[in-house]
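What follows is a structure written as structure tokens; I'll ask about it next.
As written, the chains take the letters A, B and C, and residue 1 is the first residue of each chain.
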């Protein structure tokens, strides 16, 4: 067994009087694909925000590839190898799909500032290489034909795929997906499952996926495990079958359904 | 020692004016997250309206001040509806809000410049003997200004922390979308905030006009108030007051002991130095973006 | 003839400074109404070097630009560093610009040097000829274009459109903003130096908020994320009042109105997002001189 690529211990965050995440601990081996589910407001996105340090943890530790990343700036964390998509899509609206993806590739420019002013042959080669890689990623998510369209003009489902491509462009080792299937219908979900599986196999990322679509989670996490978060704490962790038959989990979701929250089909 | 105390008094009185302006600035910033450049214009507008009321209509001072406040409130709320609200509804980036604010500022100030003229006018206030404590003289007007500023800020505090509407405003300052989902009327909040802006800027403008002079570009000192607000800690009302008093006093001391030429350069440099060691201001808490 | 020269030269100078502000505000999304201050620093330094130390005007201009650039970093670094995403920078540059102007206005002596205070500082004349300004303008435009189309420029654009997302995708915000700032201040500094060469005279009155407003206005009207838009607008803003003198009094009032109107109705300005490229030349040529398709080629 190798060293875990991500190790979280006793992670807690308080917002004023509210404890949004309460003493979470878990670890991931390189290449694993795990799910993170839970009722609305459970704190799932907050966990992602803590990992990427958009929110400062109140206490606990996070280490990535053996080193602590607590308190590091979000851009540094990304360059260290953690990338993500967002619950509320955050693409660069006026940039084309292509430009959005390319940004991930040159988040740190690959040539010097002087070379930017006088585009040397080396700089031009680097740009051509960057272009090539960006187009490859667009192909991988089936967005090549939309490459020159403004991101804000793309339909919702395509925007989600574009965000994934952009996140991958940042060359992560750990990829965090925040509700990639949100707003998708049955067919789109099926396509998405295939896509995510392909990405996991080809790129060999370690991945954590937050999702509400039960089918997507159960399908993609077969053979792996799912963490269930409720009110900031882990309620359960297990294989898809175990989770589906866990009475506490059912109660947590049922409780939500009773309050009128409609959850998408399992 | 006497010189020092005299400077201190002077510094505190300018600090009080800064405090009114800094709080007004911080109020808008903490809720809407942009710098209301038009604040500059409102201050000058309020002072000039009061001046016109007194000079050409021979209104008693207190009435003119109230009239000025009412007019500035109308101007301020009108600005919000016409120049800011459309952008806010579209979730326009901060840059666009600031450009619009600067536009309002330029329009109002330069229109006043054209029609009112740039010469310095003085409020004719009966000169009274200042109060003496030892060898230190304290102008009665300064005392009055200080007292009223304090009263205004205290009332504001009461409003924000002890009234229902104040609670609504504080909720909005944390998350404007959630608060509107909770039933808080964002339009009403906007009217209140910009109404308060109108009051604070007029009171500051009138006192500044009494202490120094009335002229269309008098609002330039709002930059100092903004600097004071940053030094204290952006978005935090008590911090804005602390920053203002600190800046007012230090600035006056520099002006008195070194030279007035360097006063503004000092204030600006002080800002840079503070930011180097206190990136969030002296009392600021770091903000986290909602994802 | 001298009149047209003056418009070309002043227009060119204005365009150079505007290109700098375009990079900072149009491309990186950072509001500035204080760039006149950087023009003042560059202007005065180059003037002093030319007059007192007999430095040739070309290196003097560059040094002026560098001086302004370094000063901008001193302001920019603490302003951009904070996690509290405040408007520190906008306020700091405004405060800085005004402080510099007031200082220069009141300072008759700089150490042993007489720099004239509000009376101004005269220097030998005749160096800002049309060819000189045109060359400077060409270089300024060329390098600006190279920058904004480079990976650095694209990172700036990402910051303008969604700073938080850019940071999460690994862009170092502080470094990128400082680079954009340095370049914009450099351009302003060079422009300030050229002003001095043209007027044979430096004066604090050149560097007022009105000057800063001119630069910002050219970018707002000309267009966000565009070089060609502000280029045209900057030229128009210099030329127009000369032709319509009566409008000059209303200039700032007009700016004010237009700022609000543009933000409400067309925030991207006249030519926003229109990137300079030479495709339109190629297409125009092909329209004028249509050619038969070669084997396998498809003509548009």
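Following the convention adopted for this analysis, a residue touches a chain if its C-beta (ideal position, glycine included) is under 8 Å from a C-beta of that chain, and two chains touch if they have at least 3 such contacts.
Every value quoted in this text rests on a predicted model; they were computed, and no experiment measured them.
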Centroid comparison with subunit B (C-alpha atoms), farthest chain: A
Chain whose Cα centroid lies nearest the overall Cα centroid: C
Centre-of-Cα separation between subunit C and subunit A, whole angstrom: 40
Centre distance in Å when subunit B and subunit C are each reduced to the mean of their C-alpha atoms: 31
Whole-Å gap separating subunit A and subunit B, where each centre is the average of the chain's CA atoms: 44
Subunit B residues counted as touching two or more neighbouring chains: 286, 288-289, 291
Touching two or more other chains - residue numbers and ranges from subunit A: 54, 86, 90
Multi-chain contact residues (two or more partners), subunit C: 161, 164
Contact set on subunit C toward subunit A in their complex: 143, 146-147, 150-155, 157-158, 161-162, 164-173, 179, 225, 273
Sites on subunit C touched by subunit B in the complex: 25, 29-31, 33, 74-75, 77-79, 81-88, 90-92, 94-96, 98-100, 102-103, 106-107, 160-161, 164, 213, 216, 220, 249-250, 252-253, 255-264, 267
For the subunit A and subunit C complex, residues of the former touching the latter: 52, 54, 73-75, 78-79, 83-84, 86, 90-95, 99, 102-104, 106-111, 113, 116-119, 123, 127, 130, 166-167, 169-170
List of subunit B residues in touch with subunit C within their complex: 29, 34-35, 82-83, 86-87, 92-100, 102-108, 110-111, 114, 220, 223-224, 226-227, 230, 234-235, 261-262, 264-265, 267-268, 271-272, 275-276, 279-281, 284-289, 291
